[in-house]
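So, here come the structures, one by one.
Both of the next two complexes hold chain A, though its partner changes from chain B to chain C.
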Partner chain A sequence: MFILGLDVITTAAILFIVSAGLLMVFGVMKIINFSHGSFLTVGGYSSVIVARFGLSWWWSLPVSLAIGFLLGMLVERLIVRPLYARPLDAILATWGLGIIVGQLITLAFGRSVQMVASPINGAMLLFGRPYSIYRLILVGVALFLAVTAGWLFNGTRLGLQTRAVIMNEALARAMGISSSRVRFITFSSGAALAAAAGCLITPLTSVDPNMGVPWVVGAFMLVLLSGSSLLSLAAASLLLGGAQVIVSTFLNPVLGGLTIAVLAALVLRVRPEGFARG
Partner chain B sequence: MSKVISLFSPVGARVRVLSVCACVIGSIVNHVAVAADPVKIGVPIGLSGANSVVAPSVVQEGQLAVDEINAKGGILGRQVSLEVADDGSGAAGAQKAFDSLIFDKKVNALISMETSAARNAGLPIVSRGKVPFIYASQYEGHSCNRYMYVDAWVPDQQVAPIVDYFSKQYHAKKYFLIGSDYAFGRGMLDFTKKYIEKSGGQVLAAEYLPMDGSDWTSIISKLQAAKPDALITATAAGAPNVTLTKQLRAAGVKIPYGNLAVDEGTAKSMGADASGIFISGSYVTNIDTPANRTFLAAVEKRFGKDLKTPNDLSVPEYEAIYLYKAAVEKAGSFDTAKVIPALAQVSFEGPRGKIQMNKQRHTPLTMYLGQVQDDGSVKVIASFRDVDPGAQCPDLK
Partner chain C sequence: MADITGLRARFATNPSAWRVPVCIGILGIILLALCSIAMPMFLVNNLIRAFLYAAVAVTVDLLWGYTGILTFGQSAFFGIGAYAAGLIFTHAGFSIPLAACALVVGVGAAWIVSRAVGWLAFYQGASPLYASVVTLVLPIVLVQGIYSGGEFTGSSSGLSGFDSFDIPIELWFFIAGTFLVLVAVSGWLFVHSDAGRLLVAIRENEARCEYLGVNVSRHKARLMDVAAIVAAVAGFLFACVQMVVAPEYAGFVFGTELVVWVALGGRGSLIGPIIGTLLIDVGGAYLSGNLPYIWTLLVGVAFVVVIVALPRGLAPLVSTAARWTVQRRRRVEVKPVEFTLAQRRDDEHPGLKTLALSLRGVKKNFGSLKVLDDITFDAKSGELLSLIGPNGAGKSTLMRCIADGSERSSGTIEIGGTDIRKLAPYHCVALGVGRKFQTATVFDSLTVGEALRVARYRVSAPSRWRRDAQLALPQPALDLLRTTGLDQMSDRECRFLSHGQKQALELAMVLALEPHTLLLDEPTAGLTKQERGQIGEIFVALASKYQMCLLLVEHDLEFVQRISSRIIVLHQGRIVLDGGVDEVVQSDLVRAVYAGSQQELKMTESS
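For the complex of A and B:
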């Protein structure tokens, strides 16, 4: 039971970290960034690059954040901004971008699976049972992320402007807030966060050109349920991630893979605003 | 005045004679040209898709075999050429590849390594085209077709060494099985379960994840709760192997671990995480026989720094081409009806030892049990000569 609980919490933490970037973009810009998976992949390959330079794995965190931010800036300016008035086309454009980035990575690194050594290996004993240290660290990372994002959102001027844009973009612009600047920073930060997430999951998975793809669907479902609130995302991650772990453990993992999608559909049917408040 | 010459006038008679002569000469020339036509060996293979990582090594070794055979005069005096077609590592691509090779390019034989999905889609086309097909890949067994021979291992040959070693060396009685949810994963583990139970052991559980799944958390937790003596896995090649191994090591799993689906190259590149894993196969690069040493020297000379390391999925291709040559020479003809029975009668001494596909279209093989060392190399712990493939195709003799 105790191990099951730890599994639920660590899985929820991983889902939260992966989905946070997507949530930011969706909340502010009301579009789903379907290239989120390729930003995850870019973050994963940042670890590969750092390893090739012989540096310690911990460098890949700032490197992936930087690369993700730069890439996000480019994408926002060149692809998303021109399609500002056409959100459906913007979504399609991000989907296409995702495919292109995947192929570019294949051209640069080849199709094969890359190995990245884990920074911390092995398990620690918790109440006499071994549990993966790295997974526990990720819980800490998720909490840190939630707290930092919360502070930025609620305690800074930029956060105030962002909240205004989320509530009513037209009105915010009328009040003199540069919504295009807010969108620019939000998209770049969301991309940076996605890249960092991709880098953070490499000790638990392999790095290959399609590593981000399976995560996008799950992240997409969680974000749909969460609207624009990080707190809702945390709740959704816990509930749906927990359901996935429980189904995988007591039934079988094949059904477990379906759980998030099925539950998301059910929740939205019953309560269209999901876990968001109002 | 009309310039047309009637073919039935005296002038027309000369035209008729000349045109008949031209036809006869033309067909003689054509027949001579046909006799000197190259022998085409079709290679439908996953240049894209799941097998794209291993396909280059298979094509390289096929090319080496063809080059060596051509240098010695070809097959029955005819030069050999390879026709490679991409089957996308799946059923839809295989249909296109097999169709184009058999009916467009009119190959004399198909010799290749493919996923089980691709093979199963291609077999009906092989039957329609009546072309010999040598399947040069390990697989889950029991695939039978009148035109197909197999020169690589089946579970009956690969599983026994690992299970026997675990029960003898580690006194393992309780096993936990993990696999990917598709034909190969399920086929391998079904056989493994039967073999373990027949040897007096017990299978605590067999858990599967979809092929593209990367989250083994719940399965690993079940493993730790069940406390088995040993673990045996059969996942899809590539990413699932890596993710499972990483997560097992992250969770601190240290019991003896036999991996039925990882090759030497992938194990080597997994680094420290792979240390201690047991693998079983019919080829490792440090097999110490003259045939293997000559082969490795030849392939290094031919491809230099572009060389893709020979492995258990590529070496059977090299040997299969030589087996085809031997069968055609024994039959004295390229005619499918004569080549098919001859394929069971010939043998070839290759890098993996003696290959003869005379056990219900499959071949006894020398299997090697190896363990990945800390530095990534594979140390051969034991070898088993001439392991029988078992009754794979009892309806085909």
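For the complex of A and C:
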């Protein structure tokens, strides 16, 4: 029971970390970034690169952030910017980008699964039961991420401008806020976050050219449920992640894998605004 | 007798409209027969698969390119058809009756799943993104189901080694090709028929369609059903010819590949997606041996470039180039639609004769904000009732509440004696309400004639396979078209109309519904003084000559004064005055409201 609770919390934390970048982009730009999955993959492979250079795993965090940010800048400029007025096309173009990135990675690293050594092995005894330390660390990372994002959003000038763009873009522009700059920064940061998330999940998952795909579908669902609020995302991660853990434990893991997608689709049918305040 | 000649005359008007695709189809089938003998075996083998994929791509084009429903789930229906065959042939053996049974099971299962998807994805007010989400979840669920089927479904490796029809590969080539030709030709006939233009109307403006009495969700769901059945048949044929089924064929990656092919070929062109699919799939088969990952990479790059820079795909480029090289010698000129007078129908709504509209205690809240508060009034046939009041008084909200049963928070609204309860807009149209939007709302890529035909959809169901050369319209709509000269422009696309013409066309579309009550939200906004006078006369005629009830929202007090028979003044969501024109215009209250002085108003209210 206690382990189950921990599983729920750590799963929610992982989902939160993986979805946060997508939420930023969707919240501000109202665009579903399906290349989120390939940014995750890029992050995963940056830990492979770091490992090849013989550096410690921890180096892969800043490396993935940097690579993700640069890639995000490029993508925003070339692909996303022309498609603001066509949100459904933006889904497709970013999905196409995912194909490109997947193939480039396959060309560079091959199709096979890459192994990355886990930075922290072992388990920790909690109330007499062993539990993976790394998963517990991810809970801390998720909290840190939430607090930092909350501060950036509510306590800085850029955050204020971002909120203005979210609420009323035309008005924000009329007041001299460069909404294209806000979007540029948002998308690049979203990409950087995605890459960092991809790097953070490497100890839990295999690294291969399509590693991002299963994650992006779940993240996409969570983000649709959460609108543009990080708090809603946390709630959605906790609820749906919890449902996933419970279904996987008590029914079967295959059904568990479907829980998020199916539940999200049903919730959105009943309540189109999801967990966001309507 | 007269009917028969009339019918013949109508058939004779646009003969080329359906003959051309049918002839091309027959030519295509003959060509297939020749190719099946002449072509190298490798190509024949690959083309069989590509033909079946292309048939599914056509359904994606119908859903996405024409109707605007971005679907990732057509692969699931293909997979259902394929697995129905694979499962039955593996577990029950192969025989002709069993094959027929498998086809029926596959199509039936696809239909049932499509109904479920339609129920989920298409409901009133659903966002287009949500429909895409549902079509994305469908293949994911299906594939996980196949994975967890163990021995029965063959799990991740799929089913293979089952028996199938013992016919030569050349014949399969012919069958698959014929299937594609049939799907393409019937698709072509449908999208170019009067009924098919509705798909484009839905893509361009769903709300306008709803308020023209079209049950958009139902149409989308039906289209999805047909697309699902076609995809399932393609999947059945695929399983029969390849004698292998695997989860990838039902998965969402295949679903997105279909979208990629359609986008590259050119969405909304039918032929583009077919060519795109054939080229990419067969090209991939040839090139992926030498350049395993480069081919997919190139397709990915081309896809992104096309989506960003050429949203209509490569088909328009090719057709433009063809037009440049081949001098246009014989353009099949489709005759413009001729407008005729519709026969007067027996009155649908006998109760409307006197009381057109009745509101009792209608309220609308946004959270704690009261936008409408206790609105109660009746309106009779032949009345021209103007709603005036300052911005934010709730005039437009009131119009919305009358035209859409789900809008108001409480209170009852009766249209011609019938309570509208929570009825959807298309239901309210059936009760006799026609609503013109505040901004001119027409369908940009439809012609004037097509747009009016969409508006007649409710009254007379259009043909699903050809175009009628005539369109019968009720007298008021005809009058309006003649006054504004739109009757001479039936083949002009709506986007080329002037603002005033768009306003007039939208009004004509609403009048084509034969409404009893007209809701007009600032119909003179942006019109010239002359157009304004013209439209004022039309309104008066509609009320006096045709005994319609007009409810008009206007800011121009002088205009209102000239044409109205009664005026209601709204202020802060309440009716503050309701009476004859002179009585209202002369009142201190109206002066106060129009001067915007809150002080005076409060004094008048309290006194």
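The rule is short, and it goes like this: the second predicted complex is superposed on the first by the 278 of 278 C-alpha atoms of A that agree within 3 Å, B and C clash if a C-alpha of one lies under 4 Å from a C-alpha of the other, contacts with A are read in each partner's own complex, and residues count from 1 in each chain.
Assume a residue touches a chain if its C-beta (ideal position, glycine included) is under 8 Å from a C-beta of that chain, and two chains touch if they have at least 3 such contacts.
The shown structure was predicted, so the numbers you read here are calculated from the model rather than taken from an experiment.
Looking at the shared chain after the overlay, A:Val254 reaches both chain B and chain C.
When both complexes are overlaid on chain A, the residue A:Ser132 reaches chain B alone and has no touch with chain C.
Once the two complexes are laid over each other on the shared chain, residue contacts for A:Leu88 go to chain C alone; chain B is not touched. Contact with neither chain B nor chain C is seen for A:Leu239 once the two complexes are overlaid on the shared chain. In the superposition on chain A, A:Leu225 makes contact with neither chain B nor chain C. By the touch criterion defined above, A:Val113 lies against chain B but remains apart from chain C after alignment on the C-alpha atoms of chain A.
Residues 252, 254, 257 of chain A contact both chain B in one complex and chain C in the other.
Every residue of chain A that touches chain C in the complex is listed here, in rising order: 32, 78-79, 82-83, 86-89, 91-93, 95-97, 99-100, 103-104, 106-107, 213, 217, 220-221, 224, 252, 254-255, 257-258, 261-262, 264-265, 268-269, 272. By the touch criterion stated above, chain A contacts chain B in their complex at residues 3-4, 7, 10-11, 111-113, 115, 117-118, 121-123, 129-135, 203-206, 208, 211, 214, 245, 248-249, 252-254, 256-257.
Listed in rising order, the residues of chain C touching chain A in the complex are 70, 120, 123, 125-130, 132-134, 136-137, 140-141, 144, 147-148, 252-253, 256, 259-260, 263, 293-294, 296-297, 299-301, 303-304, 307-309, 311. On the side of chain B, the complex with chain A involves touching residues 52-53, 181, 207-210, 212-219, 221-222, 224-225, 238-239, 242-243, 246-247, 249-252, 266, 269-273.
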